[in-house]
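Just below sit the structures, each encoded as structure tokens.
Both complexes below contain chain A, partnered by chain B and then by chain C.
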Partner chain A sequence: MNELIKKAASLLEANEVQVVIGYGLGSAKRPQAIFVTTPAGCEQLIFDNRCIQNLAVYLTKQEIRKLGKPAIVAPLPVLRSIVQLVAEQQLTEGDLVVLGIDPDGKLLEFSSFKAIESFLSDHKIVIEEKYLKKIEEIKNMPVGERFAYWVELLEPCFKCYACRAACPLCYCTRCTIENNQPQWIPVASHLQGNLEWHVMRAMHLAGRCTDCEACYHACPLGIPIHLLNKSLIQDLSESFGDYGPKISEPNMLSSFDPDDKESFIR
Partner chain B sequence: MQTGNYSINEPSMSKLFDNLAEKGKTMYAPKNRGERILFQKVEKFGEIAGDYLLTANSAKEVVFPRYEKVFSYKKTQDGILINDPTGNPFSEVVLWGSRPCDAAAFIPMTNTFEKDYIDNLYVKRRKNLLVLSFSCNTCDEFCFCTSVNGGPGNTAGSDILFTRLQTGDFLAEIITEKGKKVVEENSSLFEASTAEGKEQSLAKVEPRFNQDEIQAKLQELFENPLWAEKSRACLGCGTCAYICPVCSCFDIQDEAHGSQGTRLRCWDSCGFSLFTLHTSGHNPRPDQGTRWRQRILHKFRYMPDKSKIAGCVGCGRCSRSCPAGINILDTVTAL
Partner chain C sequence: MSEFEPKIVAFVCNWCTYAGADLTGTSRIKYAQNVKIIRFPCTGRIDFMLLLKAFAEGADGIIVSGCHPNDCHYTSGNFHARRRWITFRSLLDFLGIDVRRIQFSWVSAAEGAKWAEIANTTVNNIRELGPYTDYAKVAVHLKKEAKV
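For the complex of A and B:
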């Protein structure tokens, strides 16, 4: 922790960055995102296993961008989001300083985004066994039962869009759901509105989602909406192999190659 | 208006629930759903969650559903047919297990929907609602009802307030005519009593600020760097507004299919970037700081200025559930 505080303070001291996005303790003694702008303020930085919010979401927020060049405290889920944001041209080299934290809590320094990508190749996304079992169970349900399962699961959703707001990859300034001419997705949180919203959200993240679970942690009603994303990750891993954010390879679902081995694409 | 105190034991409580449900009333109570305890429809007494401080959602859906038909229309050969739902019968609803803060929220809510413009959808739902609340014997660091004229044993907004006494029985304070009628119709379950033992059974909720002082300070603070600072972590979602028992902003939506359609009102939130976006592209609240300011000012200045009732009941749900960990007390106590 001292290492992180020292490094963050030195970056601010040297004016290499103007803000450090990290975790601190709020008034209720629970970790939350803090935005440190002075070297002395870096004493507030903490990191432990309660720090689960994905801070990468702030890298594209206009309010935070206004503060100047950031350094960001980045455990694995944040590192993955950063690489995906780079792959989608939302971040470029020099935009930020990454204060990586490895799974043992050690500070990591990266010379480039490529270096993060290569670090991540040793820390691949693995869907936990309990989720694989749940997904299997859902997929094996007869159609009617499966539909009823999703209807019941999503029924309490009142569309506060915390799942969208907490997701680092939902950075569009104008979302499909806000389009009302034509209105693609009903605004009301009735059955159709809820199903369409959650399916659309999952599909827009297919091949991009880095399994950080921010959507699930953000949901005030505790709805396990990340099951949809995890299921898609599993499908993509089975169809395309090695799943994970990559700068050096084209995106799984949004790239086209005339030499593709599948004939249907030609 | 307080019309007497009674005592009722636990087995009679379950009987009371059954009696109300048997009359065809729709029962809403805290019930486990997945990982949370939510206010939702329940059929049986046994479904009610036993141990909870507050539900994750608020109880406002019983009077202000998350989406609601305002009217529907259909073009026919004979002209346009309009269906106005306020002409339909509204079911009688019992809210069982609300906390004093949940119940107190119906006061500002009623003020919003029944003061300047009389909203018939709200009026009919509120009229058919029976509020049976339970005092709090515990609280947490997010609770601040005592700072906004409430309290763990506050009776405002409830028809009956039950308090679990140290003896294990419940004190039943009858607050309204509706509450009195419940006792009359179930008289064998209640025994006349005094309010003795109530205070000792209540949680101790420390006051965190003085509402009048906050209201006074907010007259001056419209332009202040504090709004941006305190909302820096804000993600711009609608969680705080949607779980708030008082927030009642809505958006009008038309769902049209050919020559027929429905006009709906759906919950909306001042935290959304679209909330005040003009057609021209101009947005008078262009960032989360100005949106957060609106949220605080509306609750702690505009509502008390206009009607002497704060727009906050101190339940702390917004702080407990904020995905970015923003605590409303951090802003209010820093003013």
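For the complex of A and C:
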């Protein structure tokens, strides 16, 4: 921990970066994102297993970019999001300093985005056993029952878009949901719009989602919407091979293989 | 009770399947009249949301059809579409939306007979499955409000 504080303070001291995006204690002593601009302020930085918010979401925000060049505290999920953002040309080399944290809590330094990518190739996205079981359970329901299951889960959603706001990859300045000529997705708090919103969200993240679960943690109702993403990650890796953010290869859904296999097209 | 007549919406590409369906007509091959064709520039242009809109509007079945792989007028539109369909179909299936009601196919401009066959078998399959109300029911409340 001291290592992280020291490193962050020295970066600010040398004016290599103007802001450090990290975790600090907020109200009720719960971790929240903090933006440190002075070396002395780095004392507030913390990191433990409660720090689950994906800080990469701030990298594309105009308000944060205005603060100057950032350094970002980056555990695994944040590293994955950064690589995906680089792959989508949202970040370029030199835009930021990455203060990586490996799964054991050790500070990592990366010379380039490529270095992050190769680090991640040893830390692939693996869907946890409990989720695999849940997905399997849902897939085994009869089709009508499965629909009823999701209807019940999605009915209470009031489309606060916290899932979108928390997602580092939902950085479009104008989202499909705001497209109202014509009204593409009904915005009223109603099941049809809810279903279509979550289908749309899952589809627009297909092949890009890095499984950070930020959407789920942000949901005020605790709707397990990340199951949609997880199920897609599972199916996509079965259909199109190795899944995960990559700089050197094009995105899964913006590329194709002439030999893609399916069994349902006649 | 009169027999259930399914409503089928077909999203087809301009260059292959639409021309193929034209050939079905000029060849005087008869096929089920339940199919309403919507023409797109390319299968790559068919937004996945449109399929849901069709179900919301009361379609019982959907056909999505375009050029065979390697035949795309725009070189690769159908390859992109194929990846998207694989993804979308898996998502719909996971959500419990009945994917047996969506028939994907490749029909070239020379395959008038194949188009008739696809349309007929789809209509027959949907007739066996019965009306699709699960998804349309979800949209009912909004329609009532809109009418007031």
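Convention: the second predicted complex is superposed on the first by the 255 of 266 C-alpha atoms of A that agree within 3 Å, B and C clash if a C-alpha of one lies under 4 Å from a C-alpha of the other, contacts with A are read in each partner's own complex, and residues count from 1 in each chain.
Methods note: contacts are C-beta pairs under 8 Å (C-beta built on N, C-alpha and C of every residue); 3 or more make two chains touch, one makes a residue touch a chain.
All values reported here derive from a predicted model rather than from experimental measurement.
J.: Per the contact definition in the header, classify A:Ile52: touching chain B only (first), chain C only (second), both, or neither.
T.: Neither chain B nor chain C is touched by A:Ile52.
J.: Using the superposition on chain A described above, determine whether A:Val143 touches chain B (first), chain C (second), both, or neither.
T.: Second partner only, chain C.
J.: Is A:Pro186 contacted by the first partner chain B, the second partner chain C, both or neither?
T.: It touches chain B and chain C both.
J.: After lining up the shared chain so the two structures overlap, which partner does A:Leu228 touch, if you call chain B first and chain C second: first, second, both or neither?
T.: second
J.: For A:Phe35 in the superposed arrangement: first (chain B), second (chain C), both or neither?
T.: first
J.: Counting only touches as set out at the top, which of chain B and chain C does A:Cys172 meet: first, second, both, neither?
T.: neither
J.: Going by the contact rule set out at the top, does A:Phe264 touch chain B (first), chain C (second), both, or neither?
T.: second
J.: On chain A, which stretch or stretches are contacted by chain B in one complex as well as by chain C in the other?
T.: Residues 186, 188, 190, 193 of chain A touch both chain B and chain C.
J.: In their shared complex, at which residues does chain A touch chain C?
T.: 135, 138-139, 141, 143-151, 184-186, 188, 190-193, 195-196, 199-200, 202-203, 206-207, 228, 231-232, 235-236, 239-240, 252-258, 260, 262, 264-266
J.: Of all residues in chain B, which touch chain A in the complex?
T.: That would be residues 33-36, 38, 40, 56-57, 66-67, 141-142, 228, 231-239, 241-243, 251, 253, 255, 264, 266-267, 269, 272-274, 287-289, 319, 321, 323-327, 329-330 of chain B.
J.: Which residues of chain A touch chain B in their complex?
T.: 26-35, 53, 57-58, 62-64, 153, 156, 158-162, 164-166, 173, 178, 183, 186-190, 193, 214, 217-218, 220-224
J.: Mind pulling up the chain C residues that touch chain A in the complex?
T.: 48-49, 52, 56, 69-70, 76, 79-80, 82-99, 103-106, 118, 134, 138-139, 141-142
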